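By written order: A, B, C and D. Residues from 1 in each chain.
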Amino acid sequence: MIGHAPNKLTCQCRAHLSFGCGPNMRFLPKLERKFRRWKKLKKPPLLRKLDTLFKSAHKGHRPEDSAKRVQKGNGKDVKNELSYKSREQFMYNGSFHEAVGSVLLTAQCFAMMPVRGVTAKHPSSLRFSWRYVRTCCCLLFMASMLINLSLTIYKVLHGSITFNSIRPLIFKSCIFLVCGKALSLARQWPELMMKWYQIEKDLPQYQTQFEKRRMAQTIRMVMLVGMMLSFAEHLLSIVSAINYAEFCSRTDDPIRNFFELTNDEIFYALNYSAPLALWGKLQNVYSTFIWNYMDILVMIVSIGLASKFRQLNDNLLRFKGLHMAAAYWSERRIQYRNICTLCSTMDDAISFITIISFSNNLYFICVQLLRSLNTMPSVAHTVYFYFSLFFLIGRTLAVSLYAASVHDESRRPLRYLRCVPKESWCPEAMRFAEEITSDMVALSGMKFFNLTRKLVLSVAGTIVTYELVLIQFHEDQDLWTCDQSTYS
Amino acid sequence: MIGHAPNKLTCQCRAHLSFGCGPNMRFLPKLERKFRRWKKLKKPPLLRKLDTLFKSAHKGHRPEDSAKRVQKGNGKDVKNELSYKSREQFMYNGSFHEAVGSVLLTAQCFAMMPVRGVTAKHPSSLRFSWRYVRTCCCLLFMASMLINLSLTIYKVLHGSITFNSIRPLIFKSCIFLVCGKALSLARQWPELMMKWYQIEKDLPQYQTQFEKRRMAQTIRMVMLVGMMLSFAEHLLSIVSAINYAEFCSRTDDPIRNFFELTNDEIFYALNYSAPLALWGKLQNVYSTFIWNYMDILVMIVSIGLASKFRQLNDNLLRFKGLHMAAAYWSERRIQYRNICTLCSTMDDAISFITIISFSNNLYFICVQLLRSLNTMPSVAHTVYFYFSLFFLIGRTLAVSLYAASVHDESRRPLRYLRCVPKESWCPEAMRFAEEITSDMVALSGMKFFNLTRKLVLSVAGTIVTYELVLIQFHEDQDLWTCDQSTYS
Amino acid sequence: MIGHAPNKLTCQCRAHLSFGCGPNMRFLPKLERKFRRWKKLKKPPLLRKLDTLFKSAHKGHRPEDSAKRVQKGNGKDVKNELSYKSREQFMYNGSFHEAVGSVLLTAQCFAMMPVRGVTAKHPSSLRFSWRYVRTCCCLLFMASMLINLSLTIYKVLHGSITFNSIRPLIFKSCIFLVCGKALSLARQWPELMMKWYQIEKDLPQYQTQFEKRRMAQTIRMVMLVGMMLSFAEHLLSIVSAINYAEFCSRTDDPIRNFFELTNDEIFYALNYSAPLALWGKLQNVYSTFIWNYMDILVMIVSIGLASKFRQLNDNLLRFKGLHMAAAYWSERRIQYRNICTLCSTMDDAISFITIISFSNNLYFICVQLLRSLNTMPSVAHTVYFYFSLFFLIGRTLAVSLYAASVHDESRRPLRYLRCVPKESWCPEAMRFAEEITSDMVALSGMKFFNLTRKLVLSVAGTIVTYELVLIQFHEDQDLWTCDQSTYS
Amino acid sequence: MIGHAPNKLTCQCRAHLSFGCGPNMRFLPKLERKFRRWKKLKKPPLLRKLDTLFKSAHKGHRPEDSAKRVQKGNGKDVKNELSYKSREQFMYNGSFHEAVGSVLLTAQCFAMMPVRGVTAKHPSSLRFSWRYVRTCCCLLFMASMLINLSLTIYKVLHGSITFNSIRPLIFKSCIFLVCGKALSLARQWPELMMKWYQIEKDLPQYQTQFEKRRMAQTIRMVMLVGMMLSFAEHLLSIVSAINYAEFCSRTDDPIRNFFELTNDEIFYALNYSAPLALWGKLQNVYSTFIWNYMDILVMIVSIGLASKFRQLNDNLLRFKGLHMAAAYWSERRIQYRNICTLCSTMDDAISFITIISFSNNLYFICVQLLRSLNTMPSVAHTVYFYFSLFFLIGRTLAVSLYAASVHDESRRPLRYLRCVPKESWCPEAMRFAEEITSDMVALSGMKFFNLTRKLVLSVAGTIVTYELVLIQFHEDQDLWTCDQSTYS
């Protein structure tokens, strides 16, 4: 029957709230949330108390009320302001610059992103100069990398070129390219962070201290887990190499055997010497870090952008289904537009690293899957190999899903716009909705492909297809023999 | 009469009505309709009479008339109300909860979806607890499944790993994962059903008893046909296994031969004993049921969602091309939005099962097609094999088409909106049309792919491509030999 | 400088007119146009004179003028009306029903589309009944086809099943399915033609006699060229078969040799006899016709639908860039909507035939390309083979392009809507534009894929991929040997 | 000042300006820009001074000021106008006709695009006639090409037909087809250039002399670099052929050996003679030029169209975020529409060449990659081969990226429309935005595929897939043997 009053018909959309803000079936964010819940319980009691206080103060207040309160109430807020100032030292302001500080500091230990002031409170302290020590270190490493790369090319050209044998070449070229790009990114970094800062300033403010910490915690967790797994993989690779070096001992010196195996590209051209071996090992360690860091960098930027969209979405969610003024929508639209512009700027800045990271992962997954058909010479090998393979697949999946979350979050405001009641449906809301539906907001691989969830499936399909064809050229005895090392 | 023709040029869209509501060339729905028509004739005379009465009472009434009647007429409706109360016991209310009651009950017999109150009239009676007997049964089965899975892994790792030999491993892992997910779905079920209930309550009401029954009948038919075919397949598999066990008799005991063949993963690690054999058989039966049930579950949810969209569409169809008020469109839009939200919630709840079901079917079709190249040892094998293959393909197609029907139905309102006359084209109608064109409403495989009709073709293309490549590795003598059993 | 008046800035869109109405680089339509231009010169002088007269009468008249004239001028139009009546007998009314009359008549000679009244002036004369002689003939042929199909299945199952050997089976199954579907289409035909008639009545009228003839001429040309090429191919196949039968003569009777070769599926199971041979030959001829006719049917329906869109587009083109009233856009939008509905109805009616036609062509192109690697035994074979291959590819391309033209024409109004001046941009024009951009109007293969120009490329890509893989299984001696006939 | 901030919340979009107008990560345009910056420094001092003068004159002027100035100020502009007239001789007007003059002139030296007046100031001087000497030369070359093609077909048919052996056939057919199409393009050229002229006239004018020169410089640079690389490749091919001819010397005459090798299709059918050898060589040189020119033509047209869009975008960028009148948007929309129409007209004119160019490149990359597996007989070969391969890949990439830039530029206005403040958001701006989002403006390969950045990836994917399959048929000894020449 069409007769009954429309106001009886409540929008069921609101019921959605109870399911939490992310029923997107996002693996990793889910894990994060669990992790965070566990951390929450461990939160220092002072902070927890502050949050509870803050929340109880706001509970029940309509947005207009709080707006009024802010306008009229000076006396009331004085106390808050005072306490805010004293809390300032140990509190987050929720900015991206602050969140990535420690991550960039770690990167600088491995000769990447040489920019000064990463741990400062304000992005205006960021500086880049060619004369800083860290910049010189970075250039030094790149020069050393170039020598190593030349030695690798020399070795590869003297053997037969197959899909598998060019592995070290591709590995080292990617490292070198990423290093170069990271240097150029470091030059842009102060400017980029200022953009972030200006856009963050205008966004709807976080409600609780916990919300402010969220992004920083996620970024640190990703960095930590990534680094730890990478470290574990490197340790396993050393164990496996020692094992292998012992088995195929060329000389009587086990240390020499080990280094000749792991740095075969050096000792193919030059004679063995301890300094060279050390240099090779250092190079190895740095390369492994950078190889992981390029994926982590993409993830971190994605987390940052997605969290900015989420900040906006949280505000929209709070006023979902309510009667809002046109000015509200206009303001949100401009904020949304600013984040989109930021997203596009960041994409321009890192999309070279993104495409390197994706093609690199794609190639290595294909090679490793192909190598998985071989018989492993020892248990250490088997453990290392499968750990490495699953780490690789997991990392690729994590990059894809975190990067896709930017696109997912950018589409989210549409849900809230769909629930705008008829009375408050204004041209600005319509314009907002139209912009979201027609724009493609996502990180990309140099605009050749967009990073969305659909990409994961097509990458997986490509891997399966290539793998099925590549299997035909596979010969078992080709790998894991003593006369040919296969360490990356 | 509201439906005045705006000018001489009448919209031919109306002529479309005569073709029936689904000229979508949908195979299965078509079959259903035929089946239903046949059932209609067999409808008990009492019900038929009631429907005729109801229909004749409404014939000729314009919607406003009936609206007026509802407002003013108390005396007239008393009789109807009374008779309604007495009819209540044996009549459907057309809710999804009611329709899936028996389906869930069947599932509970096979240790899935342990939730209480599935056959109750109202979804508020649904309860889940870890202490219910059915939940414990479910956990017990999962533990037993885990043991079986471990034995299977043990056996697979001791043989050579090929595309074909990992079949039991994949089969059992999928069963285990689906069981786990079904348990978590059972926990959400009471809440989900309440959502359904609230949304259904607000939708335009069904006109006849027959319409109310439709969804429930379709769901039951799907369940029945699915189960019967699955049962037939299982019987054939037993016949074929007996045949095979006789041919490759290892011991003198035919029963032992049979069990050693069908539960080779158990007796590879352990010695033969009757209780173990029985356990294995039970496990087999349950696995086969769950393997079919995961597809059926996806179909049933799809049917439910599609039928809710159809309920809305039927109302739109009734007023197609007529001059309707803006409030009408506003109301329909909110109802549409509610169903979309429901669709997205259900998708979040079952999309893990969907992706398992699709990848599982894709893998098994590839394997079975590959095995179809073998020479079959006996007629029983041939019959079983081809029955199983066509059942598998048919089931996959049915899942795809039913799931795609959600998307198809969600696009249908656009047809009616296109025929809105110029005079009644209002912002709310425009907003409705824009939302439909820009949103993607469909079930998905964890957002990696959407379930639409286009998917069917791309899945078919993928199967053909993979098949053509896989054929190259096929060796005829590899399968159907006595020393390697190939029963799932 | 932004200062100058906007009216100085003339829309260059109009300049586009001079390029003719189809710069879409459409191969076949281009050929048609050339053919038509040549025919135009050969037009009987009477008709040419009438057209010139009509055109000169309308030249220079603004649309408003002619609208006024129609309203006020009764006396002036009397003459026109009179002459119209007398011309009626030998003139086209430009309806689809009239255009396909002879095509359907031809089909009926080959036991397809048994519907009465196809050559009548008005579609209301169309009748279908199960008791008509033509319906019985059709059923008889289908029964005969079924027997032939069974014999083919019998033969195929007794040999080895390969990608190439199932060719006759696929060929005959397709023929049988298409025959059945054509019968069901014949039942719907009277209703479908009435729909066409009602929609055509409301469309903007043709200006000249030549425009009215255009669609009918295109349809006949397609039918004629298709049939002639098919006839030529059949003749070549006979020549080649005679050649081959002589080479591999099994018996002394050359006629018997020929029939045993071309109808090997019959004489594999049964003994040779002249009546059987004749039956087989007849079956052959009919099958070849139907095999071509299914493609032609899709083409003809596509031409019909595209020409209805073009009729609308021609009207829009005439008023392009002019200031039109809102009522004009409203009317055009409804007309457009009606054609879209017609398109969707026709798609439902023929999409089964479309999908059969496409998959059939795809399979046969793959098989023939594969067979092209064989060495041909004689020149007759070579000529027949390559003629057949290019005919097949050409026909597939023609079906694709004609079907895609429906989609292309349905997008065309957008061009004219883009040139609507600012002053006459009204909600109805906006709604029209939005509907065109958001709807997908095209013929489809049971909604699994849409027939657009993009499809051609993906089909070509699929053929190349499959071909590259299939080549690996190709063995030269397998085909063209005396013990295995390979005639379809 | 119009550009008042609507509220406290300033649109961060403006900050984007500082990043330059193309942060699209476009490789080649980037190179161009660097090249241009370098050229800028080398700019003749007079021109530099003029530009500085012009810029300083405009600095600080708001658009309305300048608009006013134009309306009122006659006396002030007199000087400018006078100086303009005197500068006219050595200055660009920035038209496409002017920019491609020298490029077409070069083409005419190689018997392509025979149209008179390509270096004239105004496109109305362009003439095409069948009786011009250049047209006759073109026809003569085509006749000669046809003979050469026949000889090639003769040779190919007498050998075994493989993926590799049909290379000269495909090469020469493409050249012949492109020649024919270029002739037909030459006929349309005067009309096309008039269209360009009319549209360019209405576009927002360039601000500086430098901007006017930009397109012409880019076009010339592309032509120059393309021709130089092509020349280098041809020289290398001669060196490599001499080397090869010496190694496989058939006769004592080294010159004869060389010609018999490079023109083997001629001397396969005919006896050796010096005039024939010269004819063959000439044919070779011309073919090589045309082979490169077809790619260059597509690039040049793309650069032209993209630069017209950029001209519009530069104007939009200048007024980004400011409060503009509805008339401004209306005017820009019409200008945008005109460029779109031009783009579609040019696409119709050159899309045949585009599709030939793409399929040709795709085929040759596949063949060359396949041949890269062979062992090279000499260093000259290796150098030539890899130079040729990388040139081919680079050229294909360049064509793709330049063609894609048309699409990218056509989407750019959307960015500026997103920053229109709330107050000046009018129906015309909305219509503009809607048209951009819903239209697909790009060059295409006969509408079968659109040339966008996404295409690059799918082409790359196709090449890898085909390559992986083709490798299986590769036999090393097949190529680079003395009895079979493999020069294109």
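As a working rule, contacts are C-beta pairs under 8 Å (C-beta built on N, C-alpha and C of every residue); 3 or more make two chains touch, one makes a residue touch a chain.
Keep in mind it's a predicted model, so treat the numbers as computed, not measured.
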item	value
Interface residue overlap between copies chain A and chain B, same or different (over half shared)	different
Averaged-CA centre spacing for the pair chain C and chain A, given as whole angstrom	54
For chain B paired with chain C, centre-to-centre distance based on mean C-alpha positions, whole Å	38
Multi-chain contact residues (two or more partners), chain D	434, 465, 469, 472
Touching pairs - complete list by chain label	A-B, A-D, B-C, C-D
Interface residues, chain A side, partner chain B - complex	1-3, 6, 9-13, 15-16, 18-19, 23-25, 408, 414, 418-419, 422, 425, 430, 433-434, 437, 453-454, 456-457, 461, 464-465, 468-469, 471-472
Interface residues, chain A side, partner chain D - complex	191, 195, 198-199, 202, 330-331, 334-335, 337-338, 340-342, 344-345, 348, 351-352, 427-428, 431, 434-435, 438-439, 446-449, 462, 465-466, 469-470, 472-473
